[in-house]
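See below for the structure under consideration.
Lettered A, B, C and D in written order, each chain numbered from 1.
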Amino acid sequence: MSSISKPFYAVIAGVGAGTGRSVALRFAQAYPVVLLSRRPESYNPVVDEIRQQGGEALGISTDLTDPNSVKAAFETIKRELPGRQLAAAIYNASSRPSIKSFLDTTPDDLSRSLVGNAHGLLNFAHSALPLLLSSVSATPAPPYPPTLIITGATASLRGSARFGAFAAGKFAVRALGQSLAREFGPQGVHVAHVIVDGVIDMPLTKGWPANGGVEDGKLNPDAIADSYWHLHTQHRSSFTQELDLRPYVEKF
Amino acid sequence: MSSISKPFYAVIAGVGAGTGRSVALRFAQAYPVVLLSRRPESYNPVVDEIRQQGGEALGISTDLTDPNSVKAAFETIKRELPGRQLAAAIYNASSRPSIKSFLDTTPDDLSRSLVGNAHGLLNFAHSALPLLLSSVSATPAPPYPPTLIITGATASLRGSARFGAFAAGKFAVRALGQSLAREFGPQGVHVAHVIVDGVIDMPLTKGWPANGGVEDGKLNPDAIADSYWHLHTQHRSSFTQELDLRPYVEKF
Amino acid sequence: MSSISKPFYAVIAGVGAGTGRSVALRFAQAYPVVLLSRRPESYNPVVDEIRQQGGEALGISTDLTDPNSVKAAFETIKRELPGRQLAAAIYNASSRPSIKSFLDTTPDDLSRSLVGNAHGLLNFAHSALPLLLSSVSATPAPPYPPTLIITGATASLRGSARFGAFAAGKFAVRALGQSLAREFGPQGVHVAHVIVDGVIDMPLTKGWPANGGVEDGKLNPDAIADSYWHLHTQHRSSFTQELDLRPYVEKF
Amino acid sequence: MSSISKPFYAVIAGVGAGTGRSVALRFAQAYPVVLLSRRPESYNPVVDEIRQQGGEALGISTDLTDPNSVKAAFETIKRELPGRQLAAAIYNASSRPSIKSFLDTTPDDLSRSLVGNAHGLLNFAHSALPLLLSSVSATPAPPYPPTLIITGATASLRGSARFGAFAAGKFAVRALGQSLAREFGPQGVHVAHVIVDGVIDMPLTKGWPANGGVEDGKLNPDAIADSYWHLHTQHRSSFTQELDLRPYVEKF
């Protein structure tokens, strides 16, 4: 990305074929974007897609659950995008354990959810927040308030039967998000949490019969990305901390 | 408005110098807008402003608490905008009683809040919803899903001491909004409720020392309007039912 | 009730064959109780039952939606129970409009719900709160902190499709309850709101197939009354503002 | 405890000088109680106190964050209380990390909170739930529905600035609690979560100036225990899943 001339960039953690990809494509219309996923197979197709559309993208293999891996990723960013400021950081990673009875839920199941959801956010935000804070007063000024957006789910608000481990991880992420919003909002960083309440339309869910298979019964990830972009552009006098997104036909 | 050629329009109920004005100006960039307020002094300056910017606007004196007055307003709309479809309806009216001890809160105080908030929404939505439903399948298709947006407040979520009557009205509005979202969402109409959590920056609040007088410590109503517009443009696979808006420095 | 010797009493508004009756019977184990219902047919059987069990009870025909009727009822109480202090006031009245589409919900439907739920509470609490406040520092001291308990429902928390008018009234009641708790709690009066989430087992609901007709699939009103009594007995260092009650098999 | 003749017992995890002690004393009025704490210094004084009052108590040194330690504790219980049925299990353990900026919150801080709160509950409930389920249909029948009560805090509902790690752990516990309630409620086990919103009056907090030092401005743990006992006694047709407890003067 040596040719990048724009002074700002965005970083998206957790990029696959769904929301992460759409968010990356959307933010790439405005910024160079850095994509963090565990495996290159996850981000490479998106990097290619962005480049084909004339955008700039960099993929970095990152284990978000490992603080050192995340630190190394941000070192790479610093080296590859020298002198650039972080405009937006999106935490879209999630770890969803199997759905099963509480009695079959092992400590490992719970750990994987807590680490894959909450520790991932902690690690990511530890690196991203100092950069976002520094962007608040950067010269030139950022086009919009520096932003951290966190992807939540139905399970962020509700512990359903057989979803205990997953809900524990998502509740914990929401707790961290609220705490970050209250600590860093007054310093000019916008922290928002998005409740995605429904099935996302992506290759993985192709056969899922969400909402009886009705058209638009699954969330279009490009539509999700539009709302992420809107959150990023909100004026600091009017920040959203939390919003929900769901298909028009979703029961709630 | 005889020269209006666009096939869609928006209607905003409760237009004064704050959120209503900004929303009207924002939606007037895309649609002819109809402004409903009790007194012409409230909407006339906004109508003028929209026209000066090349937009189309019509003000109608309407008592939202009176079903017949609201019906008459929509009759006028039908006559003045023949053949046009309703794209968006914004309920921004509010009735805020004095803040006082419960023991000093009269049945009239409570009535004014319940009628001025909840009955106003009932009356407005009674006329707007059939039009929004008809727009869902209109030809040509509407640019975005037909939308009803309702303005809420901190008191929509929390009954503070000495705010009982106000909170009762705002809670009731939120109840209606949820009920409408669940009934009409599956029919294609997007119903959203916005929690405005803070002081809005408008002539009335000029001297109010919100958030210690810090810059952007009050909600810029144009910023609010940007989020209303975003809600209107959301794809039906990804509707927001509720979001909050507050200044970056607001305690919450 | 001229023979009443105990210095405290309780008043229950909204007494029929369900929760109100059970609460009256439960509180009558400790206090003379006053029962307010619109019609004598509603409270007379409960008054008889209490007397048969050795308790003291007084029924007063009261229209809770009419401030003057409520004032008259409390005048009667003052006359009939001279020198006695109010220990607990239970607001169990409710007005449940028909469940129907929003488009068929008339302003009258909404009014009946708002008046029958929220105005009823306002009127009742206007008379009860000064008495409860006076009991805080009465001599002899009350056995428990003076208490106002309000009956809520699923619709207090959630505006379902076709339940708009009912939810509006119940949301408004909850708003008032929170406001009262925050204003009068620090003055020593305990204000609690109970979410009854399910069908109550009473003559009216005999044939209702709640939870597939399973045993205890409807709320036993005596069990509800036990929780009301517990709320009343809570120490002022540990007040509950809100709790939910639902059958073990209820989906939520 | 070889002389125990009652067929039921209760187990309390997390017993020190505050809520755990009071809950143990309260439940010891009805059942033999087993107290689990990491160190004997925590439970020994409570065991002594219970015995002095004629109750039966057994303390077991248990590391709730270690599945094997918890399993071993329940093996001990099985051996020491042969043929007895579990009537109530109270999860009162908590791990509260230092309050500090997110940027100073280490992965270890977060881990300690997640493990000390959520894993502790998982481990405890893994052993307790099968016993509670078996008690549902035990002969003789249990006096009340078998119960699991979980202690929460303000941070269970709200992620405040500088409380991120603590809130993450408490949110995760609440998620598990909801999931357990929804899975095991229909099987007859009552799972309740208690939001303790305020400072508890105990040796540790003696000098804390809660609510300006006003009398009863801190939660009396005996009062908390009364509400736990009430939860345990609720009829299965009328279970509370969540309630809040706070001093009458607490701001909320």
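Here is the rule we go by: a contact is a pair of C-beta atoms (placed from the backbone, for glycine too) under 8 Å apart; a residue touches a chain by one contact, two chains touch by 3 or more.
Chain labels with UniProt names: A, B, C, D = Oxidoreductase-like protein.
This is a predicted model, so every value here is computed, not measured.
K.L.:
Chains touching subunit C (Oxidoreductase-like protein) and subunit D (Oxidoreductase-like protein) alike, please list them.
P.N.:
Output, common partners of subunit C (Oxidoreductase-like protein) and subunit D (Oxidoreductase-like protein): nil, no chain qualifies.
K.L.:
Return the chain whose centre of C-alpha atoms lies at maximal distance from the corresponding centre of subunit B (Oxidoreductase-like protein).
P.N.:
It is D whose centre lies farthest from that of subunit B (Oxidoreductase-like protein).
K.L.:
Centre to centre, by mean C-alpha position, how many angstrom separate subunit B (Oxidoreductase-like protein) and subunit D (Oxidoreductase-like protein)?
P.N.:
It comes to 47 Å between the two C-alpha centres.
K.L.:
How many angstrom lie between the centres of subunit A (Oxidoreductase-like protein) and subunit D (Oxidoreductase-like protein), each centre taken as the mean Cα position?
P.N.:
35
K.L.:
Taking each chain's centre as the mean of its CA atoms, how far is subunit A (Oxidoreductase-like protein) from subunit B (Oxidoreductase-like protein) in angstrom?
P.N.:
31
K.L.:
Counting only residues that touch at least 2 other chains, which ones in subunit C (Oxidoreductase-like protein) make the list?
P.N.:
Touching at least two other chains: 182.
K.L.:
Can you name every chain pair that touches?
P.N.:
Taking the chains two at a time, the touching pairs are A-B, A-D, B-C, C-D.
K.L.:
Contact residues on subunit B (Oxidoreductase-like protein) for subunit A (Oxidoreductase-like protein) in the complex?
P.N.:
Interface residues on the subunit B (Oxidoreductase-like protein) side: 145, 182, 185-186, 188, 190, 201, 216-220, 222-224, 226-227, 230, 233-250, 252.
K.L.:
So in the complex, the part of subunit D (Oxidoreductase-like protein) that touches subunit A (Oxidoreductase-like protein) is made up of which residues?
P.N.:
Interface residues on subunit D (Oxidoreductase-like protein), with respect to subunit A (Oxidoreductase-like protein): 67, 101-103, 105, 107, 110-111, 114, 118-119, 122-123, 125-126, 129-130, 155, 158-164, 167-180, 182-184.
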